[in-house]
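Chains: A, B, C and D, in written order; residue numbering restarts at 1 for each.
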Amino acid sequence: MSERHPVLTMTAISKIFPGVRALDGVDLRLFPGEVHALMGENGAGKSTLIKVLTGVYGTDSGTITLDGDEVSFSGPMQATAAGVSTVYQEVNLLPNLSVAENIYIGREPRRLGAVNWREMRRRAQELLARIDLHIDVSELLGNYSLAVQQMVAIARAVDIRARVLILDEPTSSLDADEVAQLMRIMRQLRDDGIAIIFVTHFLDQVYAIADRITVLRNGRLVGEYLTSELPQIALVEKMIGKELDALERLDEATSGGDRATLEQGTPLVAADGLGRSGSVAPFSLTIHQGEVVGLAGLLGSGRTEVARLFFGADRADAGRLAVDGAPVAIRNPVAAIDRDIAFCSENRRTEGLVGELSVRENIILAMQAARGWLRPVPRRRQDELVQHWIKALSIRPADPEMPVRNLSGGNQQKVLLARWLITEPRLLILDEPTRGIDIGAKTEIQRLVAQLSDGGMAVLFISAELEEVLRLSHKVAVMRDRQLVTELTNDDSLDAARVMQVIASGSSQEGSVPA
Amino acid sequence: MTTTPLAARPGRAWWRVPPRHVPVLATAALLLVMYSIGVAQYQAFSNIQVVFNVFIDNGFLLVVAVGMTFVILTGGIDLSVGSVVAMTAMVSASLLGNGLHPALVLVIALLLGPILGFAMGCVIHFFDIQPFIVTLAGMFFARGVCTWISTTSIPITDGFWTSAAQHRIHLGENFVSVGALIAVAVVAVAAAVLAYTRLGRNVYAIGGNQQSALLMGLPVGRTKIAVYTISGLCSAIGGILLSFYTLSGAPLIAVGMELDVIAAVVIGGTLLTGGSGYVFGTLLGVLVLSIIQTLITFDGTLNSWWTKIVIGGLLFVFILLQRLVGIRTK
Amino acid sequence: MSTVRARAAGVTSHRLFWPLVVLVLLLVANAVYRPSFLSIELKNGHLYGSLIDIVRLSAPLILVALGMSLVIATGGIDLSVGAVAAVAGAVACLYISEQPDQNSLGVVLTAVALGFGVALLLGAWNGILVAGIGIQPIIATLILMVAGRGLAQLIAEGQIITINSGPYKVIGVGHLLTLPFAIVIALAVTLLVAVLTRRTALGMIIESVGGNAEASRLAGIRSRRITFLVYVVSAACAAIAGFMMTANVSSADGNAVGLWVELDAILAVVIGGTALAGGRFYLGGTVVGALLIQTLTTSVYAMNIDPQTSLLFKAVVVIVVCLIQAPAFRARFRRRRSVPVTPVEPVGTEKEQVPA
Amino acid sequence: MAKTGITLTRRGLGAMLAVGLLAGGLAGCGNSDTGGDDKSGGSGNGKLVMGFSQVGAESGWRTANTNSIKESATAAGIELKFDDAQGKQENQIKALRNFIQQKVDVIAFSPVVESGWDTVLKEAKDAKIPVILTDRAVDSADKSLYKTFIGSDFVKEGKLAGEWLVKEKASAAGPVNIVELQGTTGAAPANDRKKGFAEAIAANPNLKVVASQSGDFTRAGGKQVMEQFLKANPKIDVLFAHNDDMGLGALEAITAAGKTPGKDITIITVDAVKDGMQALADGKFNFIAECSPLLGPQLMDLAKKVKAGEEVPARVETEETTFTQEQAKAALPNRKY
């Protein structure tokens, strides 16, 4: 192996932004036919490094070589042309165009100068068939799930004859099945000799597929390791920079929940045959005070839709909902908030935060909305609250007046959490609160959920990560094909494999299956 | 390994119209309804020449609206079109008046619009200023050029222009003008450009998501500048057609035309946010506006102010119906 | 030394710096052309001078632009303000003209209330179209822009309604404590809107709706209600402007009142630093923008620029203002400031590398 | 009688809106046109049908003009198809085409601008529909395209105003400073009145226009411009406004500046609408050149003659005059508009 030459090297890369040194002398080597994981906490410099590589940013110092020749791309376009393609976390395709066009736009097959649609569709169909995706390529991309869109993005990148493929957190929106499929594609590409840079927060995935790992921390290189030689716990330590057994400690924190006492009394919220045609089939679910209910299922199985019905984000057209035993009609979020229900959407950017407003304003938004515009939260009270939660959730940077869009994903998530926590809800609905954020923040949020439920708050917890759901929940409701198929009590006998089985088969021997 | 959610395609049966075609079809249906109302109410309305007249009288509007469609598809807007139309007509008239050869005049007049459009596109792209404001300044500028050339209307007596203006192409008993044919040709060319060229597809791409388009390596800046140049060119062609139509250049002609044009494009089903719409829809939008006007003229009893109120009312009814139809099919 | 430079940089990068520079330059140009331009004298107990004229004449534009700021902050646009101003003015003048005693204060107050009421209805109409039915704002308000003019003319039956009412005239040309009353009204409404938006949570909520409507809805804000409200406020502002414009000449001309004022207002808002996409809005900036636009118009008259070229002159100034205000444009002509770099804390571990 | 027209229309369009609202109601249109017969074009019922395209309703003058035409059409038993072009030549050409389609008996229109009518006028001629121009002329070289012109002469109005001033200031020793409030830049009356006025005052070199700006034909515009004139020019002797409205606006500016209109500054305007006449009678204006909008009766006469094939003069000027303060006082009580 030692005689192989790297296809790509980045040497002593530095990048300075006003006020911050984002990268400081970072090296990266990439060999053909390998999957190279780029690891680090949020703000470690992963994204910056990738943007420097693809020419989105210029470097302040350092060199990049591709096949031994020094290169400097002026932008993603040039990088792509040279064989360095990127697939981003937020699918960066065009929902208003067809699947085929999304793959071929910019290099459409042409005949006599005109776009040859038939040929384009044929090629797209073939290309997607190679990665086992059988869909109508003339349909608009926006009509497909995020997972499909992600696959299409990869298909596009691959077809540009990339030699280096950068996957920037491609799996954060995917469920287990889809991740497996993606991994299969990655292996296939690797075997074809493509070098893959794989950025992710999921350790399991790294160990499942990566050959080599480069770890960054605070804009500096920690080191480059062979995956086989680096135990998971060591990797986490290198990323975080200190010995940490937070995950273990968390398990202890939640183990105290006593189911029997929780289930006593009137449920805080009870859905009875609640449903919405075209969205989610009627289901029944109760949530008690102090209880964490996990919602498991594949992406698109109706998890989010259930949450939205509870919150009134969508209007139910069937069934009843009772709060504290009394029937209520929750037609809109305002009605839900009135009954102390809070909802953190999975789409922070589009449904959660107002990017232009400051951290402070985003945090007090829900509280303010509940008070009505005529009764502003006094500025001093705002500052108190905001300071408290910035500290409690360690939101960084700790500047309440900074526009929230300048914060990293994890910190944005915390801001969103803080918004709802100051309203002191009795039921907190968390839809993928840990998606796309680093391990440290993830652990903090998990611990927070445990604390809140210990303090009597009910939580509806949605996550694609079964481990996480199992770690936090008292009971797990499993969704499949837009139906709630069963509820599983989270006792010692329940493990991920069992939940997986339910998700796959749609039934369980012991759980009751509501109609 | 294929899983159901991945393989499942959005349901589609042969009789179901793709949702993206609904606005255009709704417009077409409503247009038919309006036309039928006209025919039912007024005898002369059923004359085929009425339809031809719509094209003769709105050729320039149609061409300009086609240019605007490009701009709106990228999510931009061009307020300068009316002024550029007037400027082109003014420049043509004044140059012809000075005895320049018509071919040369045609070339110069057709260059001015695109140059201004190009300049506005560059400012929008390189300096990142909102199109609304840049083109508003462009509107003042082009109108300023008009009054600067002359405050009075300048007649055109040039032989080429008059023959282009007055030549009638007979189709049976009826006729169309040269301008109408040019307009239809522009629509056809524009539809082809949008559907079958990279430029056209890039226009849709930018309207869909500019950031994504950039990351996909599409020439965003070039395309944006191109659409404003195209809009400028269409306005210039529109200006020439208008100068055929009126055989003169008048400094105050086509004031407020940009609003008619935007209305036509939007009625035609193109989203102001960009990324979705068709030139064919724009054609329908122009037809709707002109049918409204024709109905009012045929009625012939409306007061000046009632004319405005009725135009507003019909516009409202139309948009409302379109919206209702759109919601129902969703 | 460096703090001075930093402070200077802070001043020049303020969003109102360049509009103010252009405003001052225009005034200086006027003063050079005619030194008495800047003089203000007391005549019959009233302040008198071109500067006062500029502020007084920009009062209606300021009013309209204030409402427009709020509408634009929600990501909308209101093209109907000119027509609404015309309708409100026509209603008020029609009522006054039909009364036997036009000089009665009661009559004038009733007239203003009537005009205001009609304007609120029109604003509500816009609000329903945009917030209720979900029509794109530019088209929704275009309907009223066209039909509203017709309405204004219908009210006056195509005539100019001339009135002879002392109290009504005060709105346009009266004085209070030596200041033209129009300025006082504009000031009061500006303060009112500022207090209404910034002393309550309304401003933040409007910005939130404009910044991200769906996120705002999920945060419990009744986005539609807010959107509806801003169109009503915009119409109310337009109505006051309409009273001012008609009182200024003691007559209501359905055609001419507020013609094209919507474009000026949008321009003023944008010059003031509010983005058309919605989100943050700046009332102070809007006022500066309106003053700048009126100064431009007045300069044309005061410097006797040939009407034939005055449009070109205006276009050039507008282009200059927009250009130098654009950060991207300035960036190209400004030396890069050196930025203090905060060192990151050193990483303890050594660089490690494994053989390939 | 004009009112009936409006109600009829509202009913007709109301039916249209209702049908439109039914959306699917294609079938419904058939029976909704109960009033359709008398609205269809043509002259089947023997009544003379005239298509008239008006510039717009941009001023009180124009509205008076429209009303005059509508009233005299009714009085003369002529069916009028009225169209408002909203100040746009494009619209006007469209309207003319539609009149041709409807085969009206006579077309009359007030051109928005002078140029650019040949094409559509040829079509009218081919369809053998006689055309009468009102109010404004067109510059077609081919005079056979229209039968006759009836209206005012803007240049002459400017000239009359100028001539009166020359006479009035004949004895002035020093220079006489004149400021001019122009109409909308590019509009025909503005261009012509400016031209006529300039020609007339050339007779006396003492008369000098020191400032000339557009007041857009509106009171607000006139006032705003006059304010700056007053500040920029210490000595203004004469104001010439292209219409009454601008002059009325300027009055306020002059009063606010502490000067007496009509005395300190001589004011000349054009149009002679009622408000202007009132100002003249009150001594605030000094002279008005009339531009009469009441050409309806003359127009209907001409239309009948043209239809009957009688010879008509190529140019008919409306009966109009000029007013001094005394004449205004006498004429004011009978003023209709």
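In this section, a residue touches a chain if its C-beta (ideal position, glycine included) is under 8 Å from a C-beta of that chain, and two chains touch if they have at least 3 such contacts.
Every value quoted in this text rests on a predicted model; they were computed, and no experiment measured them.
Engineer: When contacts are scored as defined above, which chain pair ends up with more C-beta pairs, C-D or B-D?
Structural biologist: More contacting C-beta pairs are found at B-D.
Engineer: Once you find the CA centre of chain C and the CA centre of chain D, what distance in Å lies between them?
Structural biologist: 34
Engineer: Calculate how many whole Å lie between the centre of chain A and the centre of chain D, each centre taken as the average of the chain's C-alpha atoms.
Structural biologist: 69
Engineer: Approximately how many whole Å separate the CA-defined centres of chain B and chain D?
Structural biologist: Chain centres of chain B and chain D, defined by C-alpha means, are spaced 32 Å apart.
Engineer: Using CA atom averages as chain centres, what separation in Å is found between chain A and chain C?
Structural biologist: 43
Engineer: What are the residue numbers in chain A that touch two or more other chains?
Structural biologist: none
Engineer: So which bits of chain D are touching at least two other chains?
Structural biologist: 56-57, 63, 66, 185
Engineer: Identify all positions of chain C at which a residue touches two or more other chains, and write them in rising order.
Structural biologist: Answer for chain C, listing residues that touch two or more other chains: 153, 158, 307-308, 310-311.
Engineer: For this structure, give each pair of chains that are touching.
Structural biologist: Contact pairs between chains: A-B, A-C, B-C, B-D, C-D.
Engineer: Quick one: which bits of chain C touch chain A in the complex? Just the residue numbers, please.
Structural biologist: 199-202, 204-205, 207-208, 211-212, 214-222, 279-280, 339-356
Engineer: If we count contacts the way the header does, which residues on chain B are in touch with chain C in the complex?
Structural biologist: It comes out as residues 123, 126-130, 132-134, 136-138, 140-141, 143-145, 147-148, 151, 259, 262-263, 266, 271-272, 303-313, 315-316, 319-320, 323.
Engineer: Inside the complex, what are the residues of chain C that reach chain D?
Structural biologist: Spelled out, the residues of chain C in touch with chain D are 34, 36-37, 43-44, 48-50, 53, 57, 153, 157-160, 162, 173, 245, 248-251, 253, 255-257, 297-298, 300-302, 304, 307-308, 310-311.
Engineer: Which residues, counting only chain A, touch chain B once they are in their complex?
Structural biologist: 75-77, 80-81, 86, 88, 92-97, 101, 105-106, 108, 110, 113-115, 132-136, 139-140, 143-145, 147-148, 151, 156, 177-178, 180-181, 184, 298-300, 481
Engineer: In the complex of these two chains, what residues of chain C are touching chain B?
Structural biologist: 79, 129, 133-136, 138-140, 142-154, 158, 254, 263, 266-267, 270, 275-277, 307-316, 318-319, 322-323, 326-329
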